[in-house]
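Read through the structure below, which is laid out as structure tokens, and then see the notes.
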């Protein structure tokens, strides 16, 4: 008898029970200000995940040997605050079951619910935007308000890497936390910055959120709010390698698959990298 | 000195004060269930309006001789109920000033606010969908709930032309009104149906709403919820020609400009047709 | 707890055991002569199936009430003869289990294996092409050789509807069977032709294959070998309605999703139509 | 030894000396008012010509048996008047050699030079536009001025089929000739109109020009100035079949290949149809 | 009452009278040799300008605080020499009114008219191409002849940065001026080259022209004549930052928006950078 | 008389007899695992070759002065092993005639036949993939098996540059040869690696194969199996400049032209670079 495909993330073949990592998608783009379409990202990222081999030579790890699963997508409602609750639900369940959630956006507003479930000591985010708006287009759960809402949760430690866009008020609000602009990454090098970040964090648990527009839109143009003069995908890989072992939860958001798949390709590789480097880091530590 | 372009609807060169017709756009697509992107339609329709000559040979009318204006787009909020209020505001103003509003979607949910402002005796809509859902994805202002909300306003007379999609419950709800399915249009011919419709309406004022997906998606595929086996654009033109003189307000919604502009081309021509045939009809009557 | 999506055909929620219809995809396009890419069709057709409501008003049937399933895609090998064997395997299993296979191409060559499994009295195909080449580009399993291979299986009764392309030799080979050209459908009307076809077939079991390029490429351009001057999608719907109750197996092939989804939309609707009209026809007969 | 492809029109394998028909392309789009890109049409039409079989079942003719050639494209200059001279050069040469020119646009302005070379008794054109502007965007050789320039050449007999766009002045200028609007074709049927046209022409030589936008842009959207509510491609085929035997020269212009190739597919088929039906017509007459 | 959008460059909200910078577009692409479509660039650049915040953190400047305006587009004629005159008209007016013109192409040939109006001491251009052709495709105003025409105006000082393409004769003609090839920028670094350029220029007024194809087409592929192995967008930003304070006029040409908007995004950011860095530079100097 | 275009590689104007380099295309993509469409690459590369000037300033060489030709494309069969034989045929002929073959893919499997014809001492390949699968999707001539098949030919010396993807078994098989991963190129610099490679090769003849996916898919996304984190196009140029003088044959494969032509632009430039730098290197040596 023939075997048949599914359309979930490649190699995500564990059962939920056995899985150490749990992928799920949130095809939501209800508050996007510039271009809509990030709802198509979860399936675009899954599709291109089949373009890559299970073997990760950097770590000597076969992804097929790491137990992880992909639940598919939740069915998001229209209202972003409700979607945050749906996400919180799902992330809470995964964390309660002792697993690491890996959430695929959809737009960035979904991170609010995930952070609310995880309540980490640190929120580390790669983003072109500060996302420190109090409110935008009539909604406090707009994808431009993510950092502001996470600040409101009482998360004291927010680190933003790759920033280059925000209002004056947002830059002032963010100044109470740590902001490494894309220009600073470009000038000082990502290694020096990661040394600082790791020193600050110590062994604290972090939530790691990747807004895909942190990367320069000349390198990965498939974005809802594309911004040139960003960090490189090489920088992003360094960030994930450095921080994955400390992460209790992870998301990758804001991919808008309207290019030749290069942006989804980076996303899929970074999700593999998160799992692979975290496994490798924990292994080495053990 | 050179003259300079604007990007409004072609020939919409009257001032607001002088205008008999007032075009405005609502680039909103926050509740769309299948493909997002109808927010791009107002500008796509305006762009292709420049592809057509001011002269309408059917009527011997130069559009440049008809005073109409284009306000540009409103800035829609995130929440569809709020957007309905924004639209209601705008349509109320236009109607209060004794002008005919011509609204460019965006998604169909914006029609709710416009009908609330106009409170016509009849609501006539061309649509593949019944839009009689009580609620969808957690929202009563979803673009699948338009007819239901208009029914709730106390509008007793709803006529749906071109329908072919809905739940069992929606077909039951719609049965209290008049539904001409696309198959019926195909079989009986639009002329026979329009005779019935005109007889029913008499001289009552109507609101005329065109959901672009009424037309067969093999003819105009640029749609958020494309549906084949629809009415033709020729049928649609007949409908507009027959009903424009009775319309106190008009909208054209649900264009998603992801094709080779044929769907926006039909939209732009139908907006011209609405204005041209209404002027011609009123002229003839006078 | 949230519920999660899968990416299979909408409403295909029965288990294999309970299913009366079994959908599966064959993402194979190894022999295509003009444009490649039909391998993307199964998932494109599944994606747009979610754009349609479960309720089919023509039949008063809820698709959720019809037990059918979707196995996902087989993993096709490189060689078309091997793929034919893979398909034969799968169709044989489904038929042996007393179910109706519904196969989504991929290219037309996959039909060879399915017909070999079904060995029907009649092979009825809608196609712009005769597919009566003995061999093409070095392969006897090319998608231009489907009818020839089925003839070789000893199937005596082949009916081709919508044909308009073939070599002189192919027209001679096809003349031993029945060919209704697209021009003939256009001139005589599909109803007259279906009367003849039904009279010829009687109560014999048939295999029904739809090569999507039977339909005029001005209506559905998303095709590997697009051909204008074809039958309409309305004709196609009439054909499926007329013949579904007699079909022991069904396939829909040669969609190449490079348009605005109108071609996949017709495909998804025709698969629903096959199931819905067959259920309705069997019900009525009972 | 392997054989190697060229990229000329399929089956155009005669030498220039032997050819009865001479295809050449004019990749010029310098005056286009709406969308540029018709320069890509000659190669797009050639590419899809390989999608069709040499055999034409309607005529029992193998195109490989008809001696025709394809010279490739001329190198057009920037200025449209100069391009007209380049075209005149080429068409004069072909006519002087007793062959039938088949010109692939590029934009419609190139027809001016071709008609100047042919100086036919009748100029028959299918077009959405009257092209009777005296001047446009500062140029008398704009693609909106074709009919006006041909009128200026002293061609007394101009027939425009499929028209639906022009200024008031253009409609007045065209009224001195014959205009069959697309609406008239739709209402009366193409057969009735062709009877009139053939009666008027008698046995006079004609120049036959097809502006691809004559066809409804819902059927063939790949156009520089797309216009819905046109004639169908079936109408166009009837026109070519009726008039090809009388044509001393032929062109097909204004295709802009930005769709899924359906517009180029119709173009390629119509060029085959021109050759096939002309050969067949001459044969029958002989 | 709702407020309504316009479609001009974001934050260009000053009146012409108050404006220090005057944006206008020239949607002209009549002489392009490879791909047409740069006529769509002005509106594409305006559209993505709304993706960026008014605040520029590098300068602490709010763009809403800088008085600048956007006139919309001129209506270009067909002939490039005439278009040069139209541009000269407009730029002369703006300069006479003591403002800085910021012109959005369209193709590079429009720069000729602008330089003729400004008659600067230096012409500094970023370009992959030398544009030193005497004539091309029959026109001396071809976009390949820009530098040659500017040389003819008697501008003695031409600096070309990013060059990598030209005929032997063009390289010889350009050698009388200064050419920094993209390879030289790559090898020596842009800072060293800008030091030389600034030293040469001193405090002279310059015209600064950016042909978007100066940037490597792997980074910004949306170009009419894409060329890899160019300078980076980071280099381009350095150039604009260094030279904006000396510029009496500025243009950004040759964007062809057929990518995922990354090329228009860089253009919009560079126009902001021109204004922002010039304001900042003048402020600092003051 | 006008001159007419052909569609072959720009400046390839020598006769086969006179040519020192012989370009030919193999539009084959029958075994591709992820996205099909590389069959379109030969013509896409030829098209954009006209975007570049004949003059190569780095070498002071006019390409029109180097005798090279372009045969067009072979007509590939369906089966990859047969295609290998077709390619072997062609390459053998070219080599026997004392010329250098320059093959345009199509997919990588075509290299097998070319290497079989050339039987070089060294096989140097740029590739993201090791291509050391014994068999894939039922075929030993899959494009994932190229290196394995070349190893089987008895070629002892294989160098892979840019690798980052393969199974564990492939990495073991490749370890018997030399692999420079993309990360290693990124870290050590291409110059250091090329020094090693040149030292190893000495004056031996090599076959040089460029799989376009060696380059980072963020720079050149037009690929069948796009992979980020690759070498840059600048690295690739260095490789070709260093190794072209030693190459007896060359190919460029796996371009899939679905982007804004940047990937084909790099390919066309690299083919020019191969010819230009080889001519220059041989000249200098002489």
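Per-chain numbering from 1; labels A, B, C, D, E and F assigned in written order.
Following the convention adopted for this analysis, contacts are C-beta pairs under 8 Å (C-beta built on N, C-alpha and C of every residue); 3 or more make two chains touch, one makes a residue touch a chain.
Heads up on the chains, UniProt names are A, B, C, D, E, F = Agmatinase.
Every value quoted in this text rests on a predicted model; they were computed, and no experiment measured them.
Participant: From subunit A, count the fewest steps through touching chains until subunit E is reached.
Facilitator: The fewest touching-chain steps linking subunit A to subunit E number 1.
Participant: Compare the contact pairs of A-E with those of each option in A-F, D-E or A-B, and report the one where over half match by residue number.
Facilitator: Of the listed options, the interface copy of A-E is A-F.
Participant: List the centre-to-centre spacing of subunit C and subunit D in whole Å, with centres computed as mean CA coordinates.
Facilitator: The mean C-alpha positions of subunit C and subunit D differ by 37 Å.
Participant: Measuring centre to centre with CA averages, how many angstrom lie between subunit D and subunit F?
Facilitator: Result: the chain centres lie 42 Å from each other.
Participant: Can you list the subunit B residues in contact with two or more other chains?
Facilitator: 75, 219, 259 - these are the residues of subunit B that touch more than one other chain.
Participant: Which chain pairs here would you call touching?
Facilitator: Every pair of chains meeting the touch criterion: A-B, A-C, A-E, A-F, B-C, B-D, B-E, C-D, C-F, D-E, D-F, E-F.
Participant: Given the complex with subunit D, which residues does subunit F contribute to the contact?
Facilitator: 1-7, 24-25, 43, 71-75, 86, 89-90, 93
Participant: If we count contacts the way the header does, which residues on subunit A are in touch with subunit E in the complex?
Facilitator: Listed in rising order, the residues of subunit A that touch subunit E are 34, 164-168, 171, 181, 183, 186, 217-219, 221-223, 225-229, 258-259.
Participant: Which residues, counting only subunit B, touch subunit D once they are in their complex?
Facilitator: Subunit B residues touching subunit D: 48, 50-55, 57-58, 62, 219-220, 233-234, 237, 259-262, 265-266, 269.
Participant: For the complex, which residues does subunit B have touching subunit A?
Facilitator: By the definition above, subunit B touches subunit A via 29-31, 36-37, 39, 75-80, 82, 136-139, 142.
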